[in-house]
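To keep things clear, I will list the structure first and then write my remarks on it.
Each chain gets a letter, A, B, C, D and E, in the order it is written, and its residues are counted from 1.
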Amino acid sequence: MLLGRVIGTVVASRKEPLMEGWKLLVVRQVDADNRDAGGYVVAADAVGAGVGEVVLYATGSSARQTELTRDRPCDAVVMAIVDEWEVGGREVYRK
Amino acid sequence: MLLGRVIGTVVASRKEPLMEGWKLLVVRQVDADNRDAGGYVVAADAVGAGVGEVVLYATGSSARQTELTRDRPCDAVVMAIVDEWEVGGREVYRK
Amino acid sequence: MLLGRVIGTVVASRKEPLMEGWKLLVVRQVDADNRDAGGYVVAADAVGAGVGEVVLYATGSSARQTELTRDRPCDAVVMAIVDEWEVGGREVYRK
Amino acid sequence: MLLGRVIGTVVASRKEPLMEGWKLLVVRQVDADNRDAGGYVVAADAVGAGVGEVVLYATGSSARQTELTRDRPCDAVVMAIVDEWEVGGREVYRK
Amino acid sequence: MLLGRVIGTVVASRKEPLMEGWKLLVVRQVDADNRDAGGYVVAADAVGAGVGEVVLYATGSSARQTELTRDRPCDAVVMAIVDEWEVGGREVYRK
């Protein structure tokens, strides 16, 4: 899994029927020190995350192992809202 | 999933029989600000996208979770045509 | 899927039994403008491609969705020989 | 699989129910000479690893092949604590 | 699949039970011209390869399609020892 910050949303009306009901979040990847890491992903939202929140997301086939995404064409899912993380005994982030 | 712009098409007559009927699109990846991100992918078209359109595509095994691609050798699929996306409360793209 | 040019072959006699019968091609990835993209992959040949040909290849679990590779330890397969591709209305390549 | 050093932990209370019970480790990838390789991953801990330990981790669908992670939305798992590794006949690391 | 050179070994006693019996090889990736490509992977050895040998390895779910690794948490497997490869009609490597 990777850490990211929700920075936006995507709307698409013409789409694969199996995507119906997904909220699509633009998630910018952050590094282990909570700095922008450059990349992004568009992920289905399985936990009700909002713009600005720090989240954990999974990619690949593992992104299909949630109730929302099972057997659907999803390769990235926001699966947790992060409360805090520590690196080297130091608190990097606290919600 | 990632955002991309359809920039072209590929034609192949000698191919795996399971690819029959696919329209193959050349999709250039864009970043979260709708700038060229450098990479590209050739994706099967599950939604009738045309050259110039901004789309959402999935890769890996998730690309096989559409009616068009199920159990076929497809590792990239265009699964939605994007209407709009926002980043940081600002509209980045509107169709 | 990605576009590549077949540049060589690999021979291996001591191998996983499930690889028996595969022709192994060295495929150099090309970008959307048919320039060398730097990377390469060794792919099983599902379509009878020869050195010098421009091909389409799939990677990951999707590479196991051909008759040749099903349930075998294959993560890259040449699945089509490209006849032509266009980008921005311009013909980039024709066989 | 890749080698990494456990550098921290992540806590998330609002999450996919299938993640319940996981300890989430921040793992920094190291190269074959045990130097920081730049990347990181957040992995579920299948072996009771602690901060500072050198571990082996798997990614992708293979990360779901442990008792802890089977059929769950996990794309990275710490699957072993490394005792030692050698490169070119030289000991790079010993616990 | 990719080409690599076996450069070392990893030993881990505390590990996922499903890894029991694997020999873990450190494999440095080489490019199509047999030069170091920078990356490495730790792979399970399905063919009895030794340090110094040039091998073919598969990654991702395809790495679980050998007798040694089926249904186990393996994302990289050495599946063949390379006898020779040619690029552009020139022999790049012969064992």
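Here is the rule we go by: a contact is a pair of C-beta atoms (placed from the backbone, for glycine too) under 8 Å apart; a residue touches a chain by one contact, two chains touch by 3 or more.
Everything quoted here is computed from the prediction, not taken from an experiment.
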item	value
Graph separation of chain A and chain D (steps between touching chains)	1
Averaged-CA centre spacing for the pair chain B and chain A, given as whole angstrom	20
Where chain A and chain E are represented by their mean Cα positions, the distance between them in whole Å	32
Multi-chain contact residues (two or more partners), chain D	60-61, 63-64
Ring topology as an ordered chain list, initiated at chain B and continued via chain C	B, C, E, D, A
Touch list for chain D against partner chain A, complex	7-16, 18-19, 24, 26, 28, 40-43, 51, 60-61, 63-64, 71-76
Residue ranges of chain A in contact with chain D within the complex	1-3, 31-32, 46-48, 56, 58-66, 77, 79-89, 92
